[in-house]
Each structure stands twice: as structure tokens, then as C-alpha cells.
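In what follows, structures are represented as C-alpha cells.
Next, two complexes with chain A in common: one pairs it with chain B, the other with chain C.
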Partner chain A sequence: MSAFLGALRYEFCMQLRRRSVWVSIGFALVLLFALFSRSGPPERVLPPADTALRLVGNASFFLPVAFGILLADRWRRERSLGTLELLDSLPASLGARLWGKYFGATIATMIPLLLAFALFMLYSGVRIGDATLVRFLPLIFVVVIAPGLLFVAAFSIACTEWLPVPLYAVLFTGYWFWGNLVPPERMPTLNCTLLTPIGEYPAAAFFQHTDVGCFNGQSIPIALGLASIALLLATGALALFALQAYITRRAAAR
Partner chain B sequence: MTALAFESRRLGWPALVAPLFAVLALCFFGLLSQVIGAPAQTDRVLSAIVQVGSMVGGIAAVSAVASDPAIELRLSLPRSVRRSVLLRLLLALLWSSAVIGFATELLHELGRLTSEIPDAPLADQLEWLPPLLLLAGVGALTAVATRAATAGAGVVAAAWVLSNLLSQLWSSVTWLTPLWIALPFDPADPARWYWNRITVALVGMACLAITAVLLGRPEHLLAAER
Partner chain C sequence: MEIQITGLTKQFGDVPALRGVDLTIPSGMFGLLGPNGAGKTTLMRILAGILHASAGAVRVGTHDLSTDAGRQAVKWILGYLPQELGVYPDLTGTEFLEYIAILKGMRDGARRRARVAQLIETVGLEDAARRQLRTYSGGMKRRIGIAQALLNDPRLLIVDEPTAGLDPEERIRFRNMLVALAGDRTVLLCTHIVEDVAQTSHRVALLLGGRVVFDGTTTGLAQAADGRVWSLDSSGPAPSGDLTVVSAIAIERGMRYRVVSEVPPAGASAVAPTLEDGYVAVMQKRRAA
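Showing the complex of A and B:
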């Protein structure tokens, strides 16, 4: 347990101090501010929670893309620095290091992302005359955004064991566009399924947010929202367990 | 010639495979649309190569200028690091452009390109080439200025996704529209589109020029993020 906490703390501090984390998310936020600088008030009056979800939805279409790429080089780092063998020789188990890295780097990258969401909501809230909309953010972040981020983070760490980071970045960006933004009637896609990491199911189930194309204005049962969260978390965990099993087997074969 | 062969090896296979992979992925989805009974979508899916190509080129450029694990050794050699990295960058951009350009021309010849620009034979190439230059320039500049390759890749990916979304907002912000890489061609006002392409390409080249200047500062190159 102490090895896990040690790895988590180390990865958390390292990721939080990385220039790239702040630069990428800062750039995306500036672009978002610029784009929304001319937008007017919403066409129809929505309840405050719905308005908050709509604002979060605008930002969550693309902010997690930078999030996924920023985590993609974490697992490869030891190999590229040549410290993998050194870490393998320590008493800390592979599982403790892997899961510590996952949670530490993921939580650290969530901090600037959460800050970006908060600043965008404050900015948009002031523009539409309700600066207090940001009060909904903690709950929306935990229920709607975080499960998708944990899912994305798990695959960013696991896939780069086999794929080089630039190739993963291309594939991940393509996947994000295809799996979250392409309407199902245009081509076969994961969009509007329980595995959509953008959080459409939890938003519709827990907040009755029907301003999404997938449900034609209908609300959905809470069970479906829970199922989407559970499926995203379980699939992410499965990817990490697969990576752990693969590395353990490879080490045993050596 | 030796330098060219060496830098192409240093570039690595991911940068060479990525554009091919993007084309193959779109062919796969195009085929899938055909099979599931949505043939009207097939051309739209295949034509997405003009959008996807710029992002692939941008990330390939970031990969080309990414920090070198043996940078201290490279800096001690008579051949300048700037020259080596720029050669690698040029190879990455030429290869991506060749693949995307060929795919676009093939779609044009087959009559499957959904967004053809009328009355100009090679104008279709302007749909992806200026955006590729801009994303490559911005990505390479970010990666070199911050000495963090992931920052460059993150910026390219976020800018690309955002450009292909929120089209109403892009066209409403007057000062941002000239830099909107996904500006659709309007037959009623072709000059606007051509000016956009020129601006996008020039800004991309300016970013690449600044990158080249930054690559000539050895003390800056040593401070890479890992």
C-alpha cells in the first residue's frame, strides 16, 4: 500500500509541474474564450442546471482530447529514460507502480482541466447573466465528466505499451471525433452508446438534461446513467489489468 | 544523401505509418457505411481525408521536432541540430503531404470528393495543405518553445477538434475567421475562402520559421521536459 501511495504522490507532483499540461489546456481554454466572446444569450430560457450542463458540454467536446494525449507518454517514460530495470529491481510491485502512476497522473491532469471548466463557466455565466452557474460544476464534474476521463486515461496509459506516442495521438484524436461527435446516422460509431465518454447518458439520467441529440428530448432512467458510468470505469480498469497481466507475463518469460 | 537516410530513420516508422493509417481507417469506415446500407455517407466519410490529413501532418511535425534523448551528444557534433531537425521536419511534412495529396487527387478523379472546388483543377489540395502547414507550424512551435512534445500534440489535437466543431461560433468571431482551418468553400464568395487559405498557410509558415530560429539556441534545447 505504501508503494502505491508513494508512486501516486510522485506521479501526481511530477504531472502537476509539467509545462505541457498547463500549456495545452491553457491554449484550448484561450481558443474557447475567443470563440465564445461573440456568442449571445441562449435562444430559450433553460433551468440553471441545464444551462450549466450545456456550457460544460461545449467545453467537454474537446478539452479531454488534450487530457488523453498528456497522459499518453507517462507509461513509456521509464522505458525512454532507461530507468525501467532500476524500478523493476525495487521491492515495489509492478501493480503498485502502475496503479499509482495511473491515479497520480490522472488526478493531477484533472486539476488544470477542472480549473479550465470553472473559468469557462464563470466567463460564460457572467456573459449570460448568472455567474453562480459554476456552483453546479463539482457535481457535474464527478458524475458526468470524471468517468469518461478515467476511461480515457486508462487507455492512454495502456495503449502506449504497444503503440508509439505520436501514432497513439493520431488514433486517439480520430477516435474522439468518431466516438463522441459523429452522429450515429452518418456512420457506425460509439457515439450515443453507453460507452460514450463525453457523459451523455449520466447527464440525461441524473440531471434530466435532454439537450443532446441522442435521446430526442426524452429523459432516460437513472439505471442507464449508472450503467454507463459502471461500463466506462470497468472498461478502463480492464485495459489496465490487461496491461498489468501482459507486463507480468513478459517479465516472467525473461 | 546519407543525412537524408539517417534523418528518415531517426524520424521513425510511426510518422511514416500515421498518414497511411488515417487513409486506411477512413476507407474502412467508408466500406462499413456501404455495407450497412448508408452508401450516401460513404463519400462523406472518404472525403474526411482532407480534414484528418492536416491533423496527421501536425502531429507528425511535432514528432519530428520532439526532444532527442541524445541531445547533448548531438550538440557536440559539427553538424548543427537545427539543420538535422529541420530536415526531419521537412521529411515528415513531405511524406504526409504526398499521402494526403495522392488520396485527395484519387477521390477527385473518381468523383467521390464531396467538397470539390469548382473551376480550378488543383484547388482541392488547398483544402488540406494550408491547414496542415498551420497545425504543423503551431504544433512544432509549441513543442520547441516549451520543449515538451506532448504540449505540441495536445495543442494540435485540441485546435483540430475545435476547428471542426462549433462552425457558427468560428464564423461569428471576425478576427478568428481568417485562421479557421475548416472554413467551407462558398461558391457565392470564393475570394473569402482563397484569402483564408493564404492567411492560414502564411501563419503556418511563420510559425515554422520561428521554430527554426528557436532550434538554433542550444541552451534552450537542453531544457527538455521528460
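Showing the complex of A and C:
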């Protein structure tokens, strides 16, 4: 357990200190401001939580893309830095190091991301006349945003064992728009399924946010919201377990 | 703690890296010499539990390295400095050592911090300890590497080219530190700097092409060049033929060459062999064989 906590702590520190984490998320935020600064007020008055979720939906166009890409080098860099040989000679298990890295780097990247969501909601809230909309963010972040981010983070760390980071970044960006934003009636997509990381199901189930996106006002039971969260977390965990099993097997064959 | 290596073979695909190595490494300092590609690093990695042997047996004390349990047990008592040590540029020297200490299973925070502070002082990095590693020079990174290897007060210390990148004073300091440490533990010093072995180790093995071509004392290795080391002053061209020029120094009227050769070059006089001469003589004999 102490190796896991140690890895978590120091991976957290290292990721939080990366200038590119702050710069990239800042850049995504500027893009968001540029894209939504000309949009007018909503056509009709919505409940504040619904409005907050709409803003979160808008921010989710870009912010999680930067998040996924910023995590993509975390596992791979052990090789490029040349730290693997030392780490492999230590008694700490691969699992403790891998999961510690996952949680440490993910939580660290969530901090500027949360800040960016907050700034965007504050800015948009002021523009539409309700600066207090940001008060919904903590709950929305935990229930709607975080499960998808944990899912994305797991794949960003795992996939780069096999894919070069730049290629992963391109594929991930494509996946994000295809899997979250393309309407299912246009082409087969993961959008509007329980595996949508943008959080359509939790938003609909827990906040009755159903008038935009996939559900056309149809109410979604809490169980489906929970199922979506569980499925996202389990799929992410599966990706990491697959990586762990692969590396263990490879180490045994060395 | 004695290391027993029997018939150790390691293949990378079709390429043999170690070919039936038999070696006993007793407690104390032990030097492992050999040219690049001799198999030294492969042997180190097997001893550190990073690589698996293709055939043969390795026992470290009572631990059998062919089993997962044996490898894991050795990792708890091991200090390892790889040849190419990577560090995290975003951590400070202190943080890096703290992190490695945690991964080495040092759970008591107060003792861990005290040990890190002590080792930072030992390697002379007090002034740089709070700086990020990205600002460290190559020598400073090497010293951090040495400190991390010593964190858990290892019973078995394996250091691969530890003095590469260190200035002469640092090298001497580090060599003395290794000798002091070696009292009650096994220290395996793997290098191609013969001087480091000459100044620290009583026992030495020489690897060439994945085989042990010499195993004995440093005196014994030097004696391998008995009657084969010559000094030659010349103002003409450098001596050539079936010989190795160990050194060439400019003197008042030409050059003074130190030569290892079975046959004395014309005009040369015999000199007492050093460990380096012994190393060269063994290599010459093996290549000729």
C-alpha cells in the first residue's frame, strides 16, 4: 500500500508541475471562450442546474481532449527517461506503481481541468445573468464528468504502451468527437450509449437533463446513470489490468 | 553473502549474451571487468532480478534467482545502480530519493527522511538537494544514483559503471565509500575503468564474449602480464605488429611507449606489470586463442 501511495504522491507532484498541463488546458479554455463568446442567451429560461449542465456540455467539447492527451505520455515516459531499469530492480510491485501513477497523474490533471470548467461556467454565467451557476460544478464534476475522465485516463495510460504518443493523441481526438458528439442516426457511434464518457446518462439520470442530446425529454432511471458510471469505471480498470498483465508477461519472458 | 553462478547462459533471440558463466562472488568488493558487449550488464541485470537466465543457476545467499520468490527476496536486499540511470526531471534530488526509498519499502517516514538527508550529505549534494533534477549535471545525477542505491543499506550492492561522469576527486571519494561499505556485504563493481577495480577490489573476474576468461585476485590478473610488458623510447613511428600500446607519453626526444607483447620490441626494456597490463594481456591471449 505504501508503494501505491508513494507512486500516487510523486506522480501527482510531477504532473502538477508540468507547464504543458497548464498551458494546454489554458489553450483549450481560450478556444472555448472564442467559440461560445458570441452565443446568445438561452431561448427559454431553464432551471439553473440544467443551464449549468449545458455549460458543462459545451466545455466538454475541448477540455477532456486536452486532459486525455496530457496523460498519454505518463507510462511511456518511463522508457524514454530510462527509469524502468531502476524501477524493475525495486521490490515495489508493478501494480502499485501502475495504479499509483494512474491515480496520481489523473488527479493532478483534474485540478487545472476543474479550474478551467469553473472559469468557463463563471464567465458564461455572468454573460447569461447568473454568476452563481458555478455552484453546481462540484456535484456535476463528481457525478457527470469524473467517471468519463477516469475512463479516458486509463486508456491514455494503457494504449501508449503499444501506440506512439502523437499517434494516440490524433486517434484519441478523433474518438472523442466520434464517440461523444456524432449523433447515432448519422453513423454508428458510442454516443448515446452507456459508454459515452461525456456523461449523458448520469446527467439525465441524476439531474433530469434530458431535453438536449440523446433523450428528447425521456426520463432516465437512476439505475441507468449508475450503470453508465460503473461501466465507464470498469472498462477503464479493465484497460489498466490488461496493461498490467501484458507487462508482467513480458517481464517473465525477458 | 556469497553469489554462486553455475552454467549461466542468456540468449537474446539468436544472439548469445552469456555462454555458460561459472563464477563465485564472495562477500566484500568484487570487480567485474570486460570490454563493451562482453555481457557484464546482462549479468548485472540477471543478478538484479530484471532479466531471466536462459539456462543455468544463480544463487544469492540462500535465494534461488530462477524463482519469483527468490528474485523478489533479492530485490529487498539489493542496491542497484544501472549503467544508464534515468531520473525524473521534475522532482528535486530529495524528492527522488524519498520516492525510491518508498518503493524500496522504507515505510517509516522519519527514518526515511533521515536516511535521505544522510545520503545527500554522503554524496555531497546538500546545496542542490532542493533543486529539480533537470538542473543537475551528469556527475550530480550519478551521485544521486549512488545515493539511491544505498538507501536501504543493501546487503548486495551492484554498481554498473558507477564512476562514469564523475570528476577525479568524486571518483576517489566514491571508490573509498564502496570499500568502506564492502566490509560486511557483497559489492559488485562492474566497469571498464581498470583503475577503479585496481583501487578497490581484491577479487576480479574478466568477461569476454559472454564467457569468464579470468577469475582470481587482482594481483593474479596483473601477473598474467609478467614478462610481456615493455617500455620503449622512440622518436620514430609508433611500434606496430602483434602488440598493444597501453600508453604513449611525449618525452624530450620523441615518445615513451608502454607496450604489452609476447615478443619484446627492439630496444625495449621490461617493466613491472599493472592490473591494466594484465587485463590487456588476458585479452590478447584470448583473442589469439
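The rule is short, and it goes like this: the second predicted complex is superposed on the first by the 254 of 254 C-alpha atoms of A that agree within 3 Å, B and C clash if a C-alpha of one lies under 4 Å from a C-alpha of the other, contacts with A are read in each partner's own complex, and residues count from 1 in each chain.
Here, a residue touches a chain if its C-beta (ideal position, glycine included) is under 8 Å from a C-beta of that chain, and two chains touch if they have at least 3 such contacts.
Note that the coordinates shown come from a computational prediction; the quantities given were computed from them, not determined experimentally.
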Chain C versus chain B on the shared chain A, clash or fit after superposition: fit
From chain A, separation angle of chain B and chain C (C-alpha centres, steps of 10 degrees): 80
Per-residue contact with chain A, leading partner among chain C and chain B: B
Which superposed partner A:6 touches (first chain B, second chain C, both, neither): second
First, second, both or neither for A:66, with chain B first and chain C second: first
A:86 touches, of chain B and chain C: first, second, both or neither? second
Which superposed partner A:223 touches (first chain B, second chain C, both, neither): neither
Contacts of A:23 with chain B and chain C, given as first, second, both or neither: first
Which of chain B and chain C A:187 touches, first, second, both or neither: first
First, second, both or neither for A:252, with chain B first and chain C second: second
Shortest CA-CA distance in Å separating chain B from chain C in the superposed model: 7
Chain B/chain C common contact set on chain A: 18, 81
Of all residues in chain B, those that touch chain A in their complex: 12-15, 17-18, 21-22, 25, 29, 32-33, 36, 38, 41, 44-45, 52, 55-56, 59-60, 62-63, 66, 69, 142, 146-151, 153-155, 157-162, 164-166, 169-170, 172-173, 176, 225-226
List of chain C residues in touch with chain A within their complex: 45, 48-52, 72, 75-76, 78, 80, 82, 84-91, 95, 98-100, 102-105, 107, 148
Parts of chain A lying in touch with chain B, wherever the complex brings them together: 18-20, 23-25, 27-28, 31-32, 34-39, 58, 61-63, 65-66, 69-70, 72-73, 77, 80-81, 163-167, 169-174, 176-178, 181, 185-188
Residues of chain A that touch chain C when the two form their complex: 2-3, 5-7, 10, 13-14, 17-18, 78, 81-92, 97, 252-254
